[in-house]
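Order of writing sets the labels: A, B, C and D. Residues in every chain begin at 1.
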């Protein structure tokens, strides 16, 4: 059986804005990974690996977009082209990939997995609309069909949540997919529900094992009529918006 | 040829590298990373009579050279274990130890009986669980309640009975002796060290706080574990299975040198999910290279190491 | 203007940053690195009636995120302290706390009397010392022996009486309450965590071994200290001076948030010998920036932080 | 008062042989440091600073020769030109510097402080003889008046201790100075004593504070007729050979 441990070699690392970096690496042992799935990177001196969504996987080259927060991301941002990197992959479940008309909504670094998803959806022939919210112009990461910034320095002014109704009305999606801070996901889930639109959200939680066994990353979901624990690392990170108990 | 095998009473292990409870699943879950069959023994996640949902809120917190967990014993319960996990262990020939937990002596006894009936060859008692009958003090911190617990379980279980000790005690010697006197076959130590992580955020003039109070594990506690094992080794004769921050072959040799007979790998499985298997290979190579043909030989040499 | 001052009973400190016993000398020794006068208070190295030579063999051992020491209370003794160190403290206006240690209650009482006579404003009892009268168990691990010790010292000393607790106990609450009931003015916690370091060398087919069994300190024990302080804060009313792995302003705020009134910096003085002074400045700047005018205000805000 | 904390900038770092590196840095706040004294370097991620003798101090540039052993020296060897380095200095006492005829004996990395001492002694007009022992040719560090190697691949064959008597007989020193592993220092001290030659040796011990207060680094010495503790960090690292209680 192909194990999920890989060693990669850094092909590119670039700073995208004040806090966000893009890193690319490949490993001969990693054959495939799907949108929504994530990898978990070993960071020198740290006990826990750090999970990151896949922003792209092309010709064996994995791309991750990450925001510098603490020691783990500091370590990764200090890596150089040619350095090796140990990671586990693929981990977690995936977004649904089909040809349904999909509205993708990201906020902040949450846009990372949506780039890869958007690409795959388009390959399936789906019509998509990629919207994202950021704090300010300097935080905007890449190209979108719609952008809002909290301070109005780029795109529309305000939180992406303020534009949900308009986006839904204009684009009329069959499905909404989102990756964003938990407060935003909650709003999106509830708006989607009120419109009876399918909704998939990618959650975050501090992780240890990444494979569902340590029970460190559970959230509550309502399934088969009862509330139960689900692990973000294995049962997720992708959940149906309406099943999450907030 | 190097012989890494050992016996804990009647319980046989191909090698002394065991994976610790709560860090390796119930059965073959780590096969995505590691050849689980090669592990000396897998200790299952702590299992209770009924399934448990565990604690609310944040359960994991990284600290300097360690982590805190407050999983709260979330587990599938013994019945699901027997139905879904035991067959996998048996079919795949994975050597294992059932870790059991409860809030009352009867819970442990009942679980031990079930283990006995199902011919489970080894059980490990997690005695760091709150004892409902003594105001939620852990069983394992009081020598009398520990003695009683272990004796009762002993009466109901004929396999290899391992008692896993908590380091959160004034006197390691007392609890170790209680376990030995109650006829345990082996002691494993240490369970996690009580600890707490605090994360503060300061937003708009207000502090927000997350606290994770639970058990500290990982490299940070290795000195605590070495001290604990060294101390209890001086007073008990039953074999000691040591754990606490083991990451390397040198760590293992250190624990052997203070008297451990086998070791468990816990938190390190999260950092390096194939580490248990790698350590077996490294130990074997070390013994081969330096011409130790049995584990006994190596361990005796280590225990007799000259002090400098 | 920011007011960092606080009072522990009658003992006044300009700020809540104290340097911990054994890590800062007796008086002004750290002036080669730091402006010692600015420190809230310097706790002296543990002082005994007679000078002591301490332990043989290796005394220091670095561990993951920490260190172990087994200095064994080497110190100049109270008479030399009074003659050579006290004058420096007084002349240079260094605020200090005398840390005292002994093997019998009488030792402590005698030292407390000397402190009283010399108008030393605050003493800290190191109760992690082996109690000769109870088979070398530490005073601080038994609530009864601790109560007795503290009561006796209280009778002989009118200044601020601080009891420094050992974390190597089953129940932090019990020992903290014993100190409070015996009329201590404050508790400081934690002393070092029992630990052991092992270093193996393998030369010419023989293992050689160095072991350093002593007290673990530094970042590794911060979670243990946070847990300890949090627990005792819930049961005692006297102020708590917290320590254990403090390196940063955030660490200090974390300890405040679980109820600490002041903090001590220990091992960090070795890593960054000017850290105590830097932390005072950082604390002051933080309070200034966020408009906390007194320590009380900051500490209350932290204790009332919303849980997320 | 000038404090002993300094921040330096790495001017040069070179690998001298398989295990030994030379590193040079300067700090505007470090005005002077003498042979025998040492500095203590902050290593990222480690609790204790690591002590190293001064191999040279010239025009404000400090030179240290160090052998890679564990995490601390690994960290230092990973530094690059231009990186900053935090250290405490000057620490400890010094070798005696005068014009006496001096035999300097190093073994392994112990030669480091002897280079600086040799230079200073010569400046004082002393006649010196620098001898050193190494394991093998590849370990030899610099130029010496006499070298022995254990395997005979360079200079004379054997331990430097085997040549003590000859060296003393040929050079007839007024003083012997040594820095070497403890077993070698012990032999040198006793040979020097038997010849009634002054002997100064530089000791090592794991250190925490570096200023004599933690009592972590004590050794026993015989002074004023009684055995007492002395700290290697402050009372040393230089001791009279005959005063050390082995």
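Everything that follows uses one rule, which is that contacts are C-beta pairs under 8 Å (C-beta built on N, C-alpha and C of every residue); 3 or more make two chains touch, one makes a residue touch a chain.
These numbers come from a predicted model, not from an experiment.
> Expressed in steps between touching chains, what is the minimal separation of subunit A and subunit D?
So the least number of steps between the two chains is 3.
> In how few steps can one go from subunit B to subunit D if every step must land on a touching chain?
2
> Express in whole angstrom the distance between the two chain centres, defined as the mean CA positions of subunit C and subunit D.
35
> Report, in whole Å, the distance between the mean C-alpha point of subunit A and the mean C-alpha point of subunit C.
About 46 Å, centre to centre.
> Go ahead and note the Å separation of the Cα centroids belonging to subunit B and subunit C.
33
> On subunit C, where are the residues touching two or more other chains?
Subunit C, residues with two or more chain partners: 63, 65-66, 219.
> Quick check on subunit D: which residues sit in contact with 2+ other chains?
none
> Once you've mapped the touching chain pairs, tell me: line, ring, star, complete or other?
It is a line, because the chains touch in a row without closing up.
> What are all the chain pairs that meet the touch criterion?
A-B, B-C, C-D
> In the complex, go through subunit C and note every residue touching subunit B.
Contacts found on subunit C: 63-66, 68, 141-142, 168-171, 193-198, 200-202, 205-211, 213, 216, 219-224, 226-227, 230, 245, 250, 253-254, 257-258, 290-291, 301-302, 304-308.
> Under the definition above, what is the set of subunit D residues touching subunit C in their complex?
1, 3-5, 42, 46-49, 88, 206-218, 228-229
> In their complex, what parts of subunit B are in touch with subunit A?
22-26, 29-34, 45, 53-54, 58-63, 65-67, 69, 71, 74-75, 218-219, 267, 269-274
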